Each structure stands twice: as C-alpha cells, then as structure tokens.
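Shared between the two complexes below is subunit A, which has subunit B as its partner in the first and subunit C in the second.
On to the complex of A and B.
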C-alpha cells in the first residue's frame, strides 16, 4: 500500500520511489511492536517534491509537524502481518462492473456548466496560461502546446 | 529520401554509418543529401558535420505509443456524445466536468472495441483488467487525474505485421513485425486553446472523457519508413474493424515516437520522446530527423537527455518541449469507483447473467471482419494479381477513408471485383485498367469510387469490347475519356459515334499496308537491311491511315509478311 511505503521512506529521510517498494519479507513485523524511536525530520527535498506534485503548501513548521504525525498514525498499519496476502485495491472487488449501453443520454448543458465558472469567454472556460512552475526556473519558461 | 530508402533495402544499422559518410563528403549539407528541410535546421542550429568518430555504426531504435480514439456514440464513462466539431462545452456531462458527486459508468461498446482491436493484433486478452488513476495537473483535465489501465490492461503481448517497399517502384515488398506490448482503455482530455495575447487558456471539454485505446509498441523498429508503414497498416486495421476511424488529421489517431541510438553490442541509449506529429508523412520525417540528431550529437561528444521534444513540421526538426524538471510522478492509484473488468469466453460464460452485462471474447472473435492482410491475400489468390496491386487497391481505400468522414464505403477493391464479374477479360489485365486509368481519373478529379461517373458495369462493358477485339486499346482509352464526361452513353454508342471500331476487313487492311510500304521506300530498305525498329514507324503510318482503327498486332504481322515476300 502506498501509504505504508511512503511512511517508511520518509522516516529514512529519502525520496519515495515511484513504484511501490517491494517488501523484503524479513521485515515483516509479527505481533505488536512499540511506536518506535522519535522520527527524523522529513527532509526539505521530500517536502518540496510533495508540494510540487500535490500542489499543497506546508507553509510553516506546524504544517510539517502535522504531516509527521499523520505518517506516524498511518505507520500503525505495520503492526499487522501481511505476509503472502494479496493487496486489496478496491472494496468493490467482488462486485460486477456495470456496463452501460452506448447511447447518448447526457450533455447539452453548456449554460449550466459555465454558471460555475468565474470567468468565461464565448462558452469556453478560462484558465491561466499553461502550467505555472512553483519555483522560478532559470532560463526558458515551460513551453507547452495544445497537445500534451 | 533516396538515402533512407537505400538504408531500408540493406537493412538498418550499418548503413547509418554510410549515410554519415555521405554527409562527410559534402559538409554542411545536412543529414539527407537532397533534404530541403534539414537545410533550414542547419541555418538555425549551425553546421551539422558528420563528426570525428567516423566509422562505428549506430543502431537506431524506435518505439511508438499510439492513442486511437474509439469510434462510439458516447464517451467512455459518461453518456455525453462523441463528435468532432460541436459548439464548445456542449457535449459535456457533469461527470466530464468533474463536478462533485458524479461517478464513472463504463461504456460497453468501448470495451468491445478494445477487445476487437486486441484480437486483431494477436494479443492475449486479460479476462480481468483493472482501472487506475494517473494524476497530473492541467487545465483540460478537470478531475486532476485520468482514468487509465496502468497495472493490468485489457490486452497484452500482441503483434502487428506490415509491409514495406524495398524500392520506390513498389515492385518488391517485405513483411515486418512489431510487437505490441499492451492495449489499454483510457480517457481523453479536453482541448486547450492558448491565447498568449491575453495570457490565458481557453478550455473546451467536449473531448474530455472520450474513450481512447492506447497501444504501446515494443521498440522493434529502426527508422521513419518502418514507423510510417506500421502506422498505416494499423490505421487500415482499425478502420476495417470499425473500432476507430483513425483519421490523424482529426486527432483520432495520435502517435508519439520514442527514439534512441546505440552501438551494436552495447545497451540501448537514452531515449527521447517526440510529440506533435500530425501525419504519417511527418512521422517518418520526425523519426529520421531525431535519429540523425542523436547520432550527430553523440558523434560530437555530446549526450542525449531523456526529454520530450516536439516536431516542428515547418522546419522539419524536433525542438525541446518541456523544462528538464525530471520525470513526472503520476502517483498511480487504483480507481476506487470501478471494480475489476471481467470478460468471459465460451467456457467461462456465467449461467445466470444478464446478456447485456456479459462480454464474450469468443463471440467477438467469431465476428471479426477480414483483416487487410487477409483481404490482400484473398485478392491475390482469387484473381492472380500481384501483391503490390492488392496493396494499392486497399491503400487507396484507406486514403479515401482518411479524407472522407464516411469510412468503410464500398471502395476500389469491390469495384474491381464487380468489373471482373461482368467481363471476360482476365483479372490480371483488368487490374491495370483500374489502377492506371480509373484511379488516375479519380485522383485528377478528387472523386471517391462512389462518385465515379464510370460505373463498374460501364467499364466492364468497355473492356468486353476490347477483349473481343472490336476496338484497340488506344481506342478503349479514348472511349473511357468520353465515358468519364458522364453523358450517359454506353461504350458501344461512343465507339460507333467516334468510328473507333477496328477494321475487320482483312483485305482492306492489306491494301492499306501495301500502300504504306509502297510509299516508304527508304524505310523498307532499312528494314530489309535488318533494322527492325523502323517497322514501328510503318505500323504507325498504317494506324494513321486507318485513324487508329487497326489492330497493331495484326498490322505488324501483315507488314512483316509482305516485307518478307
């Protein structure tokens, strides 16, 4: 589970990997274990990476502290032995995925949709230009076209 | 592009070295000796010399990622309509706009389209596939994530076979194969129109949520020519299946190319991704340019960075597209609102389930139409035409499909077959009339086969006259030109009107031949001396006298007979 791996890596002060880390079987904790020693601080690089990805702003030490506590809270999941158990990715796994017929049943509500927008131009939504980088990069601006 | 074609003929790899050597002979002339586009890049980027390292060959590696828009009435997860041109934001449901409280509901037709495509490309269809969320921020992605199939896609491990012409004349074709890594279902994003003047982006969500099939190919190709041929064949297959109309100009087929180069025996080099390729022609250009760019860069001691580049069609080169911010982290997570997609086959069909909720892979497999390669084989086998002719028949149809919105019309192959049915002329001869004469008229007047003023019936009629030797082939061409005007006359009427019937009276013909012989003393002497070519002049004169109404073969026989007397 992504939350578990994130916790482990953050405690080690490293950048989280892109794929869920494979679990070394030796590290499985059977039975209870205490909360563990006081955690290292979350590194600045990791914080910036998270802020960039999720467009959140941890802003001050209180925010970072709250993050730390949240990770600690989630780490309690380590107490469960999950050796040889296939991860569950949806509580719906036993449900049938409903298939819809290919009929046009929605749409044509331009006016309603545009009512939500603060600013519109001739029935288009208006957004700021491209992706604005959080940190000003040296040199050229990000060059983005209509297609990604 | 002769150099590139030569490379294809000899197999890729080593010849890239020879290409560079050719460039070394004429420094500054760019990667293609006859390339106009490359010269423009030269002017911009400075001299592109061949570099010093000389003769170590480079192996280019090309892999394609293709997004094909599924041909369906409604979108992948919502009931709003799929249509190319429509007033902005008129084909958008609340789910497409990502309003809170909306949920995705999977469109059955999209699943069937993906299964059909997977089967046609020899893939293994996963009976259980999963949906995931791929997160990134962009104005035309209102949810902040795209629903895709990253972990377990609907189809894996397939192959696509395509044909390549060895030379320009299309008289020699080889078959190549590229492996398909996977096919997955995913959502399309909306469209952004950048208004730089007012520093804003206008967003139209009509396209947001439309079903896409992403086809990931293994890097089995080595040049632009192969990439283009593979995509052409894929386009043809998709159009034949009807799973996608695959018209690149309308964005229904989008191709991104991954390109790298390495020395033989060494590991693959760093790859770059090339985007913004809007046609098959540009695909070949972009790939070849990027290969050459990388070779030049590495040859000069530089390095290739793992970046995304855009193809600039005006300049014919690739330019860096994004900031070097490192790889995007998409934070994939399972889509919590969708259970696994389960597909069945004849064996695993559940007993008590609603028919409409069941997708049976075997049922779909049985109903697959003949794929282009099968159609071509059948034409060759049934009618004895050459493979390259069957190729042209189907490729013409494909071009038609791309230019018109109505694909899968009765086209050239059907026209050809109809003519064959109604005439005694051998198919091998008929195909010449279709591909040389009819096709050039259609192209000249920009018409589809359906719009042709000459129906298969009329053409068959004309060819019968020719076959029965009632007219000469020159006369037949004249008649065809007249028929093309569409005045409603039959071939026979036209022949009578223009007096094009072949002279049937042998005696009259003999007299004319004799007259010509008598009038051309010098030529006769030349022929008797051994110069056979001059005979053609005499034949020509007889034709003139008979106003094209003599059978040239017969005339030749008569003349030869007379001259040997």
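On to the complex of A and C.
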C-alpha cells in the first residue's frame, strides 16, 4: 500500500490544494451551485470507523478525496427549506403493502443454494472463525494506519 | 426473405412473419446469433446463450407448427441485462464479485418472458452493479455505441479513413443499460430488458436511438433484479418502436406475490390506437429542465417538439418543478445509503467471489469485498455508510428523504393543475467519444448525465425516451415524456403519436445489412431537424 503523505494533512486538519475538476468542453458543465461554508474534514477516526462498518477500505488518498467530494456535494441539500416536511420512504406510501398468507409455498432447494458457495461442509456454509477483531496484516495496512 | 428482417418491428412485422410462416423461430434465432458474433466488437453481450436459445427456438417452432403459439412473443429473440437473475446462466452484474455466479432462479420478468415463448439470446453488458451513466465501468470493458459504426456518423466525422481513428472516435452508449440498448439498436434482438434507477434505461436509449421505457414504480416486479436502490429501481424496456414497448409492458406488468412492492391493482394489457389523437391533451414544459449545459441542438429540438403538439391542437404550457436541481443531490445521498445496505450481502459466504484469506470472518469479508468491487462501488458504499452514521443520519439521510417528498410534490402539483404529460429532453447532448467520457470520474459523470432523468425515479413516475432526430454529428438524440403514475397507456399513446411525427431514421450499419441478405430499403425520414 502506498505510504500516504495525506495522513499528515488529515491530522493537521488542513486540505491539500486541489485542482478544480477539469471539464473537457463547455457543455459538460453540470451547473453546481457555488460551495457553501467551508466543510469540516473527515477525521481519521471516522474514516477508520467507516472502513470497519463497511468492511471496505479506502485504499488510497483518492478514496478519501472521493468521500470528501461526496460530502461536499451532499451538503447542497441544506440549502433547501424542509420545515414541516415529512420524510418520504416510498412513493407507494398511500397504499397497503402486500402481505401473503403464512403458508410454505416453496423451498427444498438446499442443493441448488449450496452449489454457489465456495466452501461448504455437508449442509453448512463454512466461515472462518468469528469474534476476532479485524486486524490488518503486513502489506494490507491501509494508508490510514500508515499515517498514524 | 427480401427486406430487412432483423430490423422489423416486433409486433407489426416480425410477429406477423412468424405467424404466417414466412420465417421460422430457428432461422430468426440463428440470424440474430450470427449478427451477435459479427458485432462482437460492440461488447454488448457478456454471455451469449447459444445452445439454450436454439433449443427455445426449436420449441417455439414446434408450437407454431401445431398452431399453438403462446402469444405474440413466441419465438422472438430478446436480451436481458446482466443484473437480472437467469436460472442456470451466469449473472455477473459486470463485477468480479459475481463472476462465475450461476443463478439458481429466474427473475420474475425473465420467467414471464420465457413463459410466453421468448427466446433468450444472452445477458447484456452494463456498468458494474448498474452504477454509472456510460456502460464503461464494468469488468468486461465498455460497450460501444453501434452508431459509432453507422454510415450516418461516419459521414459527419472529419474525413479520415484510417480504421485507427474509428478506434478512437467510437462513442459511448450511455448507461447503465448500455449493452441492452446497443443490442436492440444493432438489430441483434427485438427487445431487451434494462433497469432504471436514475435514468439507466432512458439515457442509453437516447444515445442509441431506441425507445426506452421506465414504468411506474410498483408496476413491474423487481424480484430477481439485483437491487441497487430498492425504493427507486424498476425493470426497463428497450425496443425499436413504441408499439413494441407496449407489447413488452403488457407481458411484464402486474402484481407479483414475490415482490411486495408491486401494486395489487389489476393490470390490463393494452394496444395503442393506430392514429393517436393528442388534441385534447395538456403538455407541460418544465422550465427547470433547460439545465445548464443543455446543447443548443437539443434545446431547438425540444422547442420544435412543443410546436408540433401546439399545431396538433394540444395545450402546451410552461410549468415549474422548482426542486429539480436538488434531485441529483438527493439521489446521491439516498442511492449511496441504499447501496451501502444492499451491497452488504456480498461477503463471499453463500455466493460470489470469496477471498482466500481465512484468519477471521471479518478479514475474509473485507478482503473479499476489496477484491470483488471496483472503485465506484466501494466509493458509494463508503459514502453511504457515512450518511448513515448516527451523527449524520438526520442531517443527510432524513433530510434527503424530505427533499424527495418536495420533488414528488412538485410533480403532484403540476399534474394536479391539469397537465397530462411532461415533455423534456432526455440527455444534455448526443453521445460523446469514449476517450472524452473517461476524463471525468464516474460520480461526476453520473451527476451530469442523470440530471434530466433522475427526478422521475425520485417520484416513481413513468417516463419514456423517444428517438427524435440525428444531431449534427450524425448521432441520435431523444426526447423524454413523463406521465402520471400508472398512466402508461396515455404516456405511450403520446409517445407513439410523437414517434410517427418525427420519423426517426433507421441506422445504416454495414454488419446488419450483410446479415440480412436483402437489399437495404432506405426509409425516407421526414427529417425533423
């Protein structure tokens, strides 16, 4: 994994200078509004927490950049006044969800389902031992750890 | 066999040809398979199911000989996007995570098509897990727009006759259902299934010059469609004409006990009138869809389209959907949040890729997901998890849900004021060359390209792209109609009327002509532009 000098920036809470996204031709512009108040940088703790929750790693500074940009983009939502507005879960909220009778109508497909798994023993899916905290091996350390 | 068989419309022409025995299902299937082989450079198909297709065609032939066809689709070759489960056939979602995954069941929509005798030619290419607007980000490589190789495009390109330049000048299909759109556009099948979450059926339809229908959310079953955003995904229909889209819709719509988000109302398949009448309708032109970056060509086509309706006696009014510009931001948050949840199922245990790491469950999961997902997918998972953190949940996720209601209400108000159908552009411009497209990252591109299509998914409304005219570069441009919930008949009627008015030209593809062994009948297009 690449050793990240970005770690230095993350800890100091400063933003590395960023080039504006290049637009090859005028008509590609998406019409974003100008950015609002300067956003807070995501802390290393939160980044590690996210990696752990998602079980997906940022891999490199580009990944973190991507998240920062995503948050910045999402911040535009705060321009909208939503006082008194209820959140919408589904466009079908005015209808009753279909519930079927509690009768067994299908099943007995153990063999088909087990066929797709790489490791099985009899009728079990086999997993490596659980309850072991996620430890990053040598060579698999993300740059986040490297920055500490 | 004379004139272009593979270019025929499903309902009016090829179905009739099958019925009258002028062509057999096996011949049709073989021709399509041969054309798929010779258009392999388009990379539209991930899997071609040659053996099973021929078998299905044989069965169809037997039925037709007995005079017992299952319906209008019996023997018709179709293709399915590779994020629909197909029993016994690899389903990959264009991802390493599912390479080698053989579905144990058919998605409901696939089952319905097979039950009516359709012949499944194969699974089409897409952006990985349907995330993207170019069909460029899958592990099997990008899909090429068939129009890149059309006479119409080549004529308009700066005259360089090297084949290398063709290599560099090929344009994207749009996405994420680019493979399906390319398959229909290049005549390798008569209809294809796509999916539509932010415009993924309508966008490639516009760029490939085919009809792309996004049905109302809840009309067609999502059972077996590998989910991206459960509250917005719908199966999409891609065909070469509006009548065919109505046929497909008729075969697929209706309540499915296996998908509790399908509505329980009875769905009655319909036929569209031969001479639709639009004079009693009110067409709305939402001013916010004049988005920054909209090409002047498309703006002009949009305006001419509005005039067409006016001259036909329809009432054409400007309307406002004030929250349109927030639809992309809202989508960004809701989509990544649902993706974070939906992608959690990929852990290597029950199906799909599994890493060799064995120290612990978590380390195996983490390694599997690192190896299986591309940057786009991983990025969305991480963003989604961020927005769902306890400290961010209200601020981002719930906020986005509130904005969603505002967007849906905008449409509600407009339709409530007497407008029947909205007319908008589908894309900001015609298809761009691949080399240009990849200069921006996936998220930026999606944000740019989904701007005109996304709001319909937000509100769950039906929408359709109708190919309208060729751009100055010789590439297709389409316009979009958005209708009221579950009013597909009205929407398709208007679309059919418009289609008849614009007479969009047929693509002139050398490959297709060679396989159709007939003199190409040039169809005169009453040029719209």
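Going forward, the second predicted complex is superposed on the first by the 94 of 148 C-alpha atoms of A that agree within 3 Å, B and C clash if a C-alpha of one lies under 4 Å from a C-alpha of the other, contacts with A are read in each partner's own complex, and residues count from 1 in each chain.
One rule holds for everything that comes next: a contact is a pair of C-beta atoms (placed from the backbone, for glycine too) under 8 Å apart; a residue touches a chain by one contact, two chains touch by 3 or more.
Fair warning: this is a prediction, and the values are worked out from it, not measured in the lab.
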Subunit B versus subunit C as contact partner of A:58, first or second or both or neither: second
Subunit B versus subunit C as contact partner of A:125, first or second or both or neither: both
Partner chain in contact with A:66 - subunit B first, subunit C second, else both or neither: second
Touching partner for A:100 - first (subunit B), second (subunit C), both, neither: both
Subunit B versus subunit C as contact partner of A:109, first or second or both or neither: both
Subunit B versus subunit C, judged by how many residues of subunit A each one touches: C
Partner chain(s) touched by A:85 [first = subunit B, second = subunit C, both, neither]: second
Touched partner set for A:74, first subunit B, second subunit C, both or neither: second
Contact residues of subunit A, present in both the subunit B and the subunit C interface: 49, 53, 55, 89-90, 92, 95, 97-100, 109, 113, 116, 125, 127-130, 133, 137, 140
Subunit A - residues contacting subunit C, complex: 21-31, 33, 42, 46, 49-51, 53-59, 62-63, 66-67, 69-71, 73-74, 76-80, 82, 85-92, 95, 97-100, 109, 112-113, 115-119, 125, 127-130, 132-135, 137, 140
Subunit A-touching residues of subunit C, taken from the complex the two chains share: 101-102, 104, 217-218, 231, 255, 257, 260-264, 291-295, 323, 325-326, 328-330, 332-333, 336, 340, 347-352, 354, 357-367, 369-370, 373, 375, 378-379, 381-383, 385-387, 389, 395-396, 398-406, 408, 428-429, 436, 439-441, 443-444, 447-448, 451, 459-460, 485
Sites on subunit B touched by subunit A in the complex: 72-74, 78-81, 87-95, 97, 99, 105-111, 130, 135, 137-139, 189, 191-196, 199-205, 254, 275-276, 310, 320-323, 325, 327, 329, 331, 333-342, 356-357, 359
Complex contacts: residues of subunit A adjacent to subunit B: 2, 18, 49, 53, 55, 89-90, 92-110, 113-114, 116, 121-131, 133, 137, 140-148
